[in-house]
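Same chain, two partners: subunit A is paired with subunit B first, then with subunit C.
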Partner chain A sequence: MTSPIDIEGGGTSVVVDGDQQPKSKPEEAKQLEGRSPGQLMWIRFKRDRTGVISAYVVIFFFVVGLAAPLIAKLYGKDPYTVFADERPELFDSAGVPLQPNGGISGEFWFGLEPGNGYDVFTKLLYGIRNSLMISLAVTVATVLTGIVLGVAAGYLGGKPDQLISRVIDFLLAFPSQLFFIASMPVVVSLFVSPRDETPVYVRVVALIAVQWVLGWMSLARILRGTTLALREREFIEAAKVSGASPVRIIRREILPNVVTPILVQSTYMLPNFVTAEAGLSFLGVGIVEPTPDWGQMFSKASTELVMQNDITYMFFPGISMIIFIVAFNLLGDSVRDAFDPKTAR
Partner chain B sequence: MGKGGRHAYAALSLLAAGALVLTGCSSGGSKGSDNDKQDKENAQRQQAGISFGDAKDSTGPAAELPGAKPGGTITVLQRDSFAHLDPGQIYVSDEMALSQLIHRGLTAYKATSDDGKKHEVVGDLATDSGTTTDGGKTWKYTLKDGIKWADGSPITAKDVRQTFERLFAPFISNGPTYIQQWLANTPGTEYRKLLPDGPYKGKHLPDSVLETPDDKTILFKFKSAKPDLPYALAMAGYSVVSAAKDTKVKYDKSPMTSGPYKISEFKSGKTMTLVKNTNWDPKTDAVRHQYVDQFNIEFNKQFEDSTKAILDDSGANATAISFSNQVDAGNLTKVLADAALKNRTVSGYQPYVGQMNINLSQPEMQDKTVREAIAYALPITPFVRAFGGTDAMEVAGGLISPTVSGYDPKFDPFGKKAKPAGDPAKAKELLKKAGKTGLKLTFGYINTPEGQQYSTAMAAGLEKAGFDVQRQEIPAETYYDQVSKVKNNYDIFHTAWGADWPSASTVIPPLYDGRQIQDGSSNYSHINDPKVNADIDKANTITDPIKAAEAWNKINEYIVKDVVSNIPTAYYKQTQIAGSKIGGLAYDDVIGGVDPRRLFVK
Partner chain C sequence: MKEDLVLPAPREATADSSGDPLLVVEGLTKHFPVKGGFPIRRTVGAVQAVDGIDLTVHVGESFGLVGESGCGKSTTGRLITRLLEPTAGKISYRGKDITHASRKDLAPIRSEIQMIFQDPYSSLNPRQTVGKIISGPMEINGIEPTGGREARVRELLEIVGLNPEHYNRFPHEFSGGQRQRIGVARALALEPKLIVADEPVSALDVSIQAQVVNLLRKVQDELGIAFLFIAHDLAVVRHFSQRVAVMYLGKVIEVGDRESIYTRPRHPYTHALLSAVPEVNLAEETETGGRERIRLAGDVPSPISPPSGCRFRTRCWKAQDKCATEEPPLVRISGNHDGHLTACHFPEDPTIEARDEDIVLDPALAALEEGLNDD
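Then we have the complex of A and B:
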């Protein structure tokens, strides 16, 4: 693999590193010779304290999401139990917890949800799990589509480029939020059988599909531009002259050079998908009760019943989501800085 | 009267995020209130029986209210604009409340106690509540002297004839149809054949049906006994229409009025102004007062908006009230917990009774043991919670409302009052006995925030008993259209129904008569039981109101306990609030809300 970015990035960084700490670790100078851009990025990233803390926070959220069933089992409750009927002594007749602060107690750590009295702690765990899984799936799908179409458009040029670019323009012109709201019920109804309840997976698949269809364009555009620039570089010319097939050129020469925008873009995209998914569920077209979901907890928190009687409830989905989104965005910044330290911010 | 999607208790607020910053921690729920007992007493007085008043009871003026004084302006905050002003088109409760002030009929309900809770039917334009000599087949009404339209012309028997004949015209499509069906002696919409064009093409109802021998006398002649006629005539939909000023379709926008107030200005969807009608003579009216100079009605006020404005209680808000809006579910607990605010509220029953219909057309639902298992398992508490707790909903035992004659508070065959969260153990046993454990149960629910909330918890309760519940959302706008189709996929679904007058004859026949099962009919559970059908025919002929009430209640008990096609869920209640300077505030069970006729400014 011959990559100009390798040489450029690696070269600069070696000099910078050397300048900064020439005396403290002289023996490292030898090892520096063999560093890959990945390793360099990793070293730069580790120095960024904000980035590392954000990464830990993000990892924590993913671990919590993955381990939600385990935690719920240890905690001894699930998010589907209607505690307002199981433990009526804890609620008034409107389903508002009698204890202050939404019924927070040693038994119910985050309190109980006004209305049906679901356990807020497990509901939040499962909500994080479901929202993150959906957003992760959307991100993977959009990144793959973006790579395939973006790189293809940039490398092939001509008619295919025209076609893909017009499709991108067309889809970008769509009012996506409105389209989500309008199309979600339609997509869901395509799968519903007359006797059965709409299964949760249909809603999940529909959410992923709708966000995927309208989510891949920005990445594809960036990759098209990058590929377009790379295509004219000497090393690609050289590969062409030496008789490499287009597939080999894309795989071995172009893709390694677009890893940076892909990684940076996807760390920006994921939190966006999380908020978009929460927004859809908030508006009632995404995940619906009783399946736990982050956005749906917001919509519950905004009802008059909760607003007037139990504002504490709002803090749990609210604060957890703010922390997650801020941490993920900071992580995205750090990743970008680590890959491309020269870009001024 | 059916219950559509007119009641939205909670609304989403997009400002939620802001409140997070502004408000600290919350204080937890309330322990309920003592309103329950009072409501029940009121209802019992109601169902003790409404008598038919004589000429003395029907003579005006209405008794003065203690402390009442004339003058002042009242602001009325309403959610929906009035779609209809033509009496023949009025069938929804907020228009009915308005018509108490502007329209008059042959009979009316007179509050006989000062809190406006006890009633009798008296003559309004007529000298009494009606006389019959042959057990209810022929009814005679005589008009009072000195009754006038708002333009000063006298109200005559000709106007009354016009009122009833025009109900057969095709453009009258929204009002009640009881009297038309009785006159034509046919069920359904067949009655229009009696006078297809109304009175507008020179044809009239024959004297064998409706006779007006002179300017003062009206005779109704039915083929079979109709003992409920005085009740029916008191409906707003049968208020009188001026023969001289009948503008057909246009009458709906600017009707001739006869009540103590007339419309001076109406901007549909925005405002309406009511001023005193100087041609209304209090001596001719036993039920209405004319204390206030003016009513300023404002529309598009959601429950939260009207509640907030009235709680504010400054300036014009101190004399503000709403005829139809109730205290929104979110503010209800707060309002009832504060003694000063609670003094400004009135609470009572709405006419509606909620019920879970079991669709008897579904093959799996034919098994009575399965239906009993559903009845035992179904938790009612989710429903009560979703609408704001026991101040808004009361767990029901039977299908007859506390506001209707014949209500029996002790009737509760499935123990719902003791175990409102359901009895899953007993249901499980029954389901096992039927060999149907794990039975798939399709539950159609109305897709509103409340519907989503209660349906999930109800499904959880039914699943504890061993059902496999499949919830299916139905859009709120078309909910009643979908569930009233004979071929629908739902095993269970929830509906509500309100009596048109305090007799179960407006509840049992429309809901449980098996002979009228068709698309769009209100027999939602498709019950077609020969005993029920026969008993309905029998009860319809009983002329003594007390005995009739007993007969209707027997049918109700048979349906709930022995057929198990409808599981009663809750009696709808509401709490309304008024500004601190409003006097004469009373909750009227017949109107199902604040009585607008007796309001004054303190």
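Then we have the complex of A and C:
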């Protein structure tokens, strides 16, 4: 897979060479440097204003997630401090912040959570961090599985293809949301006995595993089709005539040509995993208190205490998630358009 | 290995049939199974794409394989390069049986048999630079030419008439003719002894066809590489090949040197094929009385159930009962030159001069011409 960073460097230098040094002789060799399909895609992508803005938004969220501990440190609070105990003067007897809008102030930027009195700003930062990390892990796992099984099915054909395709059909027939909800407690209980306290990492691993098992099929199916079409192309035959091994053919000839569907699909898949993970945490089978999580904040916002006393609490996780999902989906569209300029929207 | 390739191969040794043959194909057969049936799919028949053909290609020789679409030409090429597994028969290269050799067994001779493909748009990996495409075969076979692979690739680009500076370009930046040249350079990269060219010019513009054919001729003359040249364009084959085989429905029906096939054909199908080539020079036609005119009717029969006996009998104007019961052997018919073999019970006269009466088997065409004559 070509990383976008590589393409960035190559793409810009080519444009600069072509524009500025058309006459200088020593540069001639450099001038004839061709533009790879990846570089062309990058040039097209950079022209797409929506895509570039969405990319910046998405990058902003990832930076926020990665730098959450740093930001929290500068801000001076952490999401685990129970301010209802530390600063009881800020809350009434029911645990609701006394100040309006959920206690938003210069000290608590996004207010305080009714009940335990967690700081909402740091909680959201860590929530974004945890949600994105889990979703990223799921995406990486599903993409890798999709590549291995999809390309194997497409390239090998025959019996292995039949087997993998039937497994895909079978798993696609599952009602995935119901399966997630039903299987989460089962998977967790595989690791921990029901009487013990469940460690956070077990829940995280279970969340990743459950979404991975039911998440890889769509990409695998697309890659199977693409590989099947590529396998019949004459450049594969040319490699075979030269005596290339199947491993080399897959690595050097097929994989570079399936980068497009992989990138496009993963930009569509990641926001879906974010919402799915949030949904599970909202329903109480994902991440639970006190670990901060995007979806779990919605769950908290819908409890009676918060709903009736602090409607602003919902605002921050809600708006941030909407912005993230919309930006990521727009980014996915732009990536697809950049790779495939002939398809009209 | 490089030295003997740089020297031009002696033309005399290649033109005649003497010397050890490079490639011998005996009774080569390829049947593609036809699956069907419900609920259990099983083999219900076979497409007899290639059905027992014999060929011999000598060192440095250009051997043409012609026939209409679907007669098994390309399948033959893919069998010889072992992209397909033969159903039966034997392929031997320099006396070594490679019919069912595995990839590892083939490794030592992989570099000696290369292929040029039909479609220049699908035969180059769009994600690789020209340099990578051409040096790929060298990398696979662990060939380290003196001066490095890059220098060798630049040299090859020059040989096929491209700018060596195109090394870092991608295939989408080239035209069809240039792409086909890149394909030729890739085939030459391993310094092969035999190149199977599967309709190398049929996807190209007519003006570019000549360039590529001349390039291939140059390559063949200078490097002494044997060619198995597969094409449906008779003029191109005539320009390129010293010996020609005509295929019909998975069988070789006539084989011989170029002059025999083009001026003294014996098989009715060869006559029909030659007479179908469009003639530009009308003046010459009127002077010499012109060429014979044969127009066949109908389509090639299905290769799933080919006709009994002679496969051409369903479209042949000379067919008799014997043709349906007895398959004609590929033999030398009296009056033929050496090495000119024909598979026909009732061969035609060895001429392509105009006949007293045109043979027009197509009823629609016949009716049309009738109407024209009445006017």
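Keep in mind that, in the parts below, the second predicted complex is superposed on the first by the 308 of 345 C-alpha atoms of A that agree within 3 Å, B and C clash if a C-alpha of one lies under 4 Å from a C-alpha of the other, contacts with A are read in each partner's own complex, and residues count from 1 in each chain.
Rule of thumb we're sticking to: contacts are C-beta pairs under 8 Å (C-beta built on N, C-alpha and C of every residue); 3 or more make two chains touch, one makes a residue touch a chain.
Everything numeric here is computed off the predicted structure, so don't read it as measured data.
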item: Contacts of A:S299 with subunit B and subunit C, given as first, second, both or neither; value: first
item: Partner with the higher number of touched subunit A residues, subunit C or subunit B; value: B
item: Which of subunit B and subunit C A:E253 touches, first, second, both or neither; value: second
item: Which superposed partner A:P290 touches (first subunit B, second subunit C, both, neither); value: first
item: Subunit B versus subunit C as contact partner of A:S281, first or second or both or neither; value: neither
item: Partner chain in contact with A:Q308 - subunit B first, subunit C second, else both or neither; value: first
item: A:S36 touches, of subunit B and subunit C: first, second, both or neither?; value: second
item: Partner chain in contact with A:N130 - subunit B first, subunit C second, else both or neither; value: neither
item: Touched partner set for A:V96, first subunit B, second subunit C, both or neither; value: first
item: Interface residues, subunit A side, partner subunit C - complex; value: 28-29, 32-38, 233-235, 237-245, 248, 252-253, 256-257, 259
item: Touch list for subunit C against partner subunit A, complex; value: 78, 81, 83, 103, 106-107, 110-111, 113-115, 117-119, 122-130, 133, 136-137, 140-141, 163, 165-170, 172-173, 183, 186, 190
item: Contacting residues of subunit A [partner subunit B, same complex]; value: 80-82, 84-85, 88, 91-103, 114-116, 194-198, 288-290, 298-299, 301-305, 307-315, 318
item: Subunit A partner contacts - residues on subunit B that touch it in the complex; value: 10-17, 19-20, 23-32, 304, 328-334, 379, 381-382, 384-386, 388-392, 421-422, 440, 442, 449, 452-453, 456-457, 460-461, 469-473, 489
